[in-house]
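Below you'll find a set of structures to go through.
First subunit A sits with subunit B, and in the next complex the same chain sits with subunit C.
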Partner chain A sequence: MRDLIAIAQNTFGRIARQKAVYFVLMSSVVIVGAMGLYGTLSAGRAQIMMLDGALAMCLIVGLVTAMAAALEIPRELKEQTAHLILSKPVGRAQVVIGKLRGISGLCIMNVALVAVASALVIHSNYGTVAPGYFAACALVAAEAVVLAAAGILLSLFMNDVLALVGVFVVFAVGHAVHVLPRVMAEGGGHKLAVAVSNVLPNFQHLDFKGLVGNGVAIGGAVLVPGLLYALCYATALTAVAVAVFQSRDIH
Partner chain B sequence: MKRLSIISIAVALAALVLSMLAGRNVDQQRSQLVANQAQMQRVYLPRFGMDKYLADLRWVMLVQQMGQVKGGKITPEAGAYFADALEAITDMDPEFEKAYTMGAMLISSAVPIRAVKLLEKGVAQSRNPSWRYYFNLGFVAQRQLPNAGVPEEECQAKSLAAYEAACKLGDCPGHVERAWMYQATRGAGSDPVKVLLAQKDFVLKVHTDSFSDDSDSLTGGTNEFGPDSGTTAGRLSAWLAGRSRSLSHDLLARHLLETDAAKRQSIEADLKAVRAVYDQIRTLGLANADHACKHCLSAFGPGEFYCSSCGQEVKAYGYCRTCHAANGKLVLPHGAYCHVCGTKAAAKVTTANK
Partner chain C sequence: MAAIETDAVTKVFKSWWHRRHVVAVNHLSLTVRENCVFGFLGPNGAGKTTTIKLLLGLLTPDSGGGHLLGAPLGDRDIKERIGFLPDSPNFYPHLSAKDFLVYCARLLHLEKRDYSGRIEQLLEQMGLTDVRNRKLREFSRGMLQRVGIAQALLNNPDLVILDEPITGLDPFGRNQIKDIIRGLKREGKTVFFSSHILADVEQMCDEIGVLNRGQMVCHGSVHELLAEKQTTVWCESIQATDVEALEALAESVVRKNGRWGFTVSSSAAGEALRSKIEACGGKGTTMEGQKESLEDFFVAAIEKDNNARRGER
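Right after this comes the complex of A and B.
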């Protein structure tokens, strides 16, 4: 367990030291603040735009942070630091889980930073933040954790650039897959579409940004199963990644 | 290459099954929150989970493009472009009220059929469509849709149904209720007295309907300002009382200037009809108008013996009769008793709407 925590801390610290991360965080909050100036240009929707902007920025920050997962294991294999770790009494499962924990922690922290800073900006302008805003942000952070798990899994099959593209494809497909059963509404295709939308990551389960932006308060009834979905799906991806990493020959 | 770990695969499968169950639970919770099957089943191209934010940005762009329309006149081509953009925006955010209501009004002159479709889409997809959707739908159907070759009767029926739906929501402003009344009585022609009579019949029908159907939100109860002033019928009848008053002023002025005896008789008949409308509304308690001149229907205040508008004698109220009879003083008591002689004042009275 101590080894796992050490790997997680090391991963967290290395990515957190990158200045680009903080540039993205600051830019996100500035964009949210700028949305407040769009009152006239949007015909009186500045407050809604700030809220929508804040949730969208949380998602972008979560995605960008999760993409680091796709670079971690290929980088360690390339620099041969993985060999050093694996020469010690550390299991391969611990390496994969430790990496995921480190990146997931960073995803959650970055999303939380943007969420809180944006909430402060919105509150300073309008004196209130929409109910359910933080629940929606928590689900965005959960989505980032799933993406990080997907990134680690993909990085075991592909080189770092392809894995990065793969994470983005998972992100795009995950947000579109829920429409598939509706497009194929009839016949055997519908059953296949439902099966595909169950097996592929379905980020619609974690996407309540639209509803919160339209004034619907989401609570524990949505948050708990949503987080559970993310946890289970990330566990499934990590288990596959562990199985693949354990079966892989490292030279 | 080593063999895949059985335990890891088993964990992965178990976690996948659990995630499916959790996902199904989320879907159920979502359908309870949205409770609008049209919105739940919409087919559209998702935009990376940022649909609503991108809809906002597209809307900002569209507002700028709307501002660039020269002379405020939209060509059919520009109208079709705006309609496509509004369609895309409302696909991304099915509850974007401004895109539906403001956008439909913008494109209604160029592509009225698409404006109507856009508003109908808004009504179908919104969780709680406001009166603006229905009012704008009624307006476009009434004014613009006939220009697109849709049969006049069909347009007017659609408009009437939309105005009625807007009024039944209960929180609509007075101009929506009046639009409903105008549309419902448009068959009365252009004679203002005939229109007034038709409007009176309409208000009475609304009043009757609102009491015969408890589920109808046209009944808003009573409040301290008078009977029924919180209902559609009450508000419309208050407006009708004012309309009767102004119409009686017009008729009196015409009567004064008219030299032809036959026409004078016709005007007198009209005046009688207008006064009857006013009396009928007042008798039903729909309009808060207890003290009005019987001749010109103008309101008068306490202690007034003659109408300030037409000069006719009126039945004065709100003054101390004891002081007036004893020494000719006109005292207007402010409380329950006269502050000069101590006589108990008459019951509190209300004045007509001025």
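Right after this comes the complex of A and C.
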């Protein structure tokens, strides 16, 4: 367990220093800070714009942080630090799980940072924050954790650039897959579409930005199943990644 | 018990769609006894690093197997007794030397009370005390190499595997590493290392193994493998007429500091010549052997193996 925590902490520290993650986080803070200007730009819908912007920023920061997962194991292999870790009494499962923990921790921290900063700006302007705002942010963070797990898995099959693109594809497919059963409304195609939409990541279970942005409160009935879905999906992806990493040669 | 033992280990790298096969290690059987400093030599691409990765369980052999300190290759628990330095140390640039060693100690499951003092001791031994809080990104290759060796010794291992430990070091650094390897030997540890710097290998190693194209070309003690190239028989006093007669038996004759030196091609020929000199009344004879250098031996062994392979084709 101690080695797992050490790997997670080291991964957290290393990714937190990555320029792309750092840049997007800083940009988000600047955009959030500038939210006070929305009132002068909008025709009376500034509060909704602020909520919308805050949740979108959370999603972008979560996505970019999760994308770093696709670079982690290839970088460890390239720099031979993976060789160093695996020459110690550390299992390959610990390496994969430790990496995911570190990246997940950073995803949650970055999303929380943007969420809290945005909430402060919204509160200072309107004296209140939309009900369910933090629940929606928590689901965004959960989505980022699933994307990080997908990034680690993809990086074991392909080079880092392709894995990065792969994470984005998972993000796009995950937000579109719920329409598949609707498109194929009838016949055998519908059943297949339902099966596919259940196997592929379906971020519809985690995406309540639209409701929260329009003032609809979301509570535990939405939050808990959403978090459980993310946890189960991330665990399944990690289990596959561990199995792949255990059988692969470390060149 | 041997520290390292492999039995006909083979590793084949297959390219995409298995169209091209590269036999990186071919039926390699190797035994390294305990408390031995073993030099693992071979030209670039011979399979040295692949062998080391097989020993550490980073690669899975296609056939064959082996043991490290009595445990099968890749055993996780035995790694608590092994230290390893990879060939291109490119450690975490965001960590300081001390933080990096703490990270490695945690991976080795060491308790803080055990590793705190050990880290300070190793930093001092490697001459890194002054830069212990400096980030590794600011370190030169030589300094990184020393940090790498420090992490390999953190757990006071019984077996130390070093991939090119001397490469990139200045003469002071090289001497320091040589002293450390000798110290490990004195402590009863086993050191297995690969290197291209043959003069250092010759000085440090008890045994060497030469690998070429994945196969062991020769393996044995340095003294056994490096045959005497020439022998000179020195004589304090001898008649000038006898020198002329003996000149025909030697490859060359020199006069140095009042002594006559007769050089022959082998120690057996030297012994025969010494008997003749003494029979002629020569006094104060001594013999001096000149051994083949490891570099000459290495080049000859590789060329011989390459020629044999060409002949087979």
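Simple rule for what comes next: the second predicted complex is superposed on the first by the 235 of 251 C-alpha atoms of A that agree within 3 Å, B and C clash if a C-alpha of one lies under 4 Å from a C-alpha of the other, contacts with A are read in each partner's own complex, and residues count from 1 in each chain.
Keep in mind that, in the parts below, a contact is a pair of C-beta atoms (placed from the backbone, for glycine too) under 8 Å apart; a residue touches a chain by one contact, two chains touch by 3 or more.
In this text the structure is predicted, and so the values were computed from the model without any measurement.
Novice: Which term applies to subunit B and subunit C once both are placed on subunit A by superposition, clash or fit?
Specialist: They fit: once the shared chain is superposed, the two partners occupy separate space.
Novice: Touching A:91, do we find subunit B (first), subunit C (second), both, or neither?
Specialist: second
Novice: Draw lines from the C-alpha centre of subunit A to the C-alpha centres of subunit B and subunit C: what angle do they form, to the nearest 10°?
Specialist: Vertex subunit A, arms to subunit B and subunit C: 170 degrees.
Novice: Could you look at A:6 and tell me whether it touches subunit B, subunit C, both or neither (first, second, both, neither)?
Specialist: second
Novice: Report for A:53: first if it touches subunit B alone, second if subunit C alone, otherwise both or neither.
Specialist: Once the two structures are laid over each other on A, A:53 reaches subunit B alone.
Novice: Report for A:81: first if it touches subunit B alone, second if subunit C alone, otherwise both or neither.
Specialist: The second partner, subunit C, only.
Novice: May I ask you to decide whether A:235 touches subunit B, subunit C, both, or neither, giving the answer as first, second, both or neither?
Specialist: first
Novice: Quick one: name whichever of subunit B and subunit C touches more residues of subunit A.
Specialist: Counting residues of subunit A touched by each partner, the higher count goes to B.
Novice: Name the contact category of A:249: first (subunit B only), second (subunit C only), both, or neither.
Specialist: In the superposition, A:249 contacts both subunit B and subunit C.
Novice: Using the touch definition from the top, say if A:134 reaches subunit B (first), subunit C (second), both or neither.
Specialist: Touch status of A:134: no partner.
Novice: Give me, in Å and rounded to a whole number, the least C-alpha distance separating subunit B from subunit C in the superposition.
Specialist: It comes out at 7 Å between the closest C-alpha atoms.
Novice: Report, in rising order, the residues of subunit A that make contact with subunit B in one complex and with subunit C in the other.
Specialist: Correct list for subunit A: 249.
Novice: What residues on subunit B touch subunit A, complex-wise?
Specialist: That would be residues 1-5, 8-9, 11-13, 15-16, 18-20, 22-23, 25-27, 29-30, 33-34, 41-53, 56, 59-60, 63-64, 93, 95, 98, 102, 127 of subunit B.
Novice: Would you tell me which residues of subunit A are touching subunit B in their complex?
Specialist: 38, 41-45, 48-49, 52-53, 55-56, 59-60, 93, 143, 171-172, 175-176, 178-179, 182-183, 198-199, 202-203, 205-211, 213-214, 216, 218, 221-222, 225-226, 228-229, 232-233, 235-237, 239-240, 242-244, 246-249
Novice: Which bits of subunit C are touching subunit A when the two form their complex?
Specialist: Where subunit C meets subunit A, its residues are 53, 56-60, 76-77, 79-80, 82, 84, 86-92, 94-95, 103-104, 106-109, 151, 161.
Novice: Under the touch definition given earlier, write down the residues of subunit A that touch subunit C in their complex.
Specialist: Against subunit C, subunit A makes touches at 2-3, 5-7, 10, 13-14, 17, 79-81, 83-91, 249-251.
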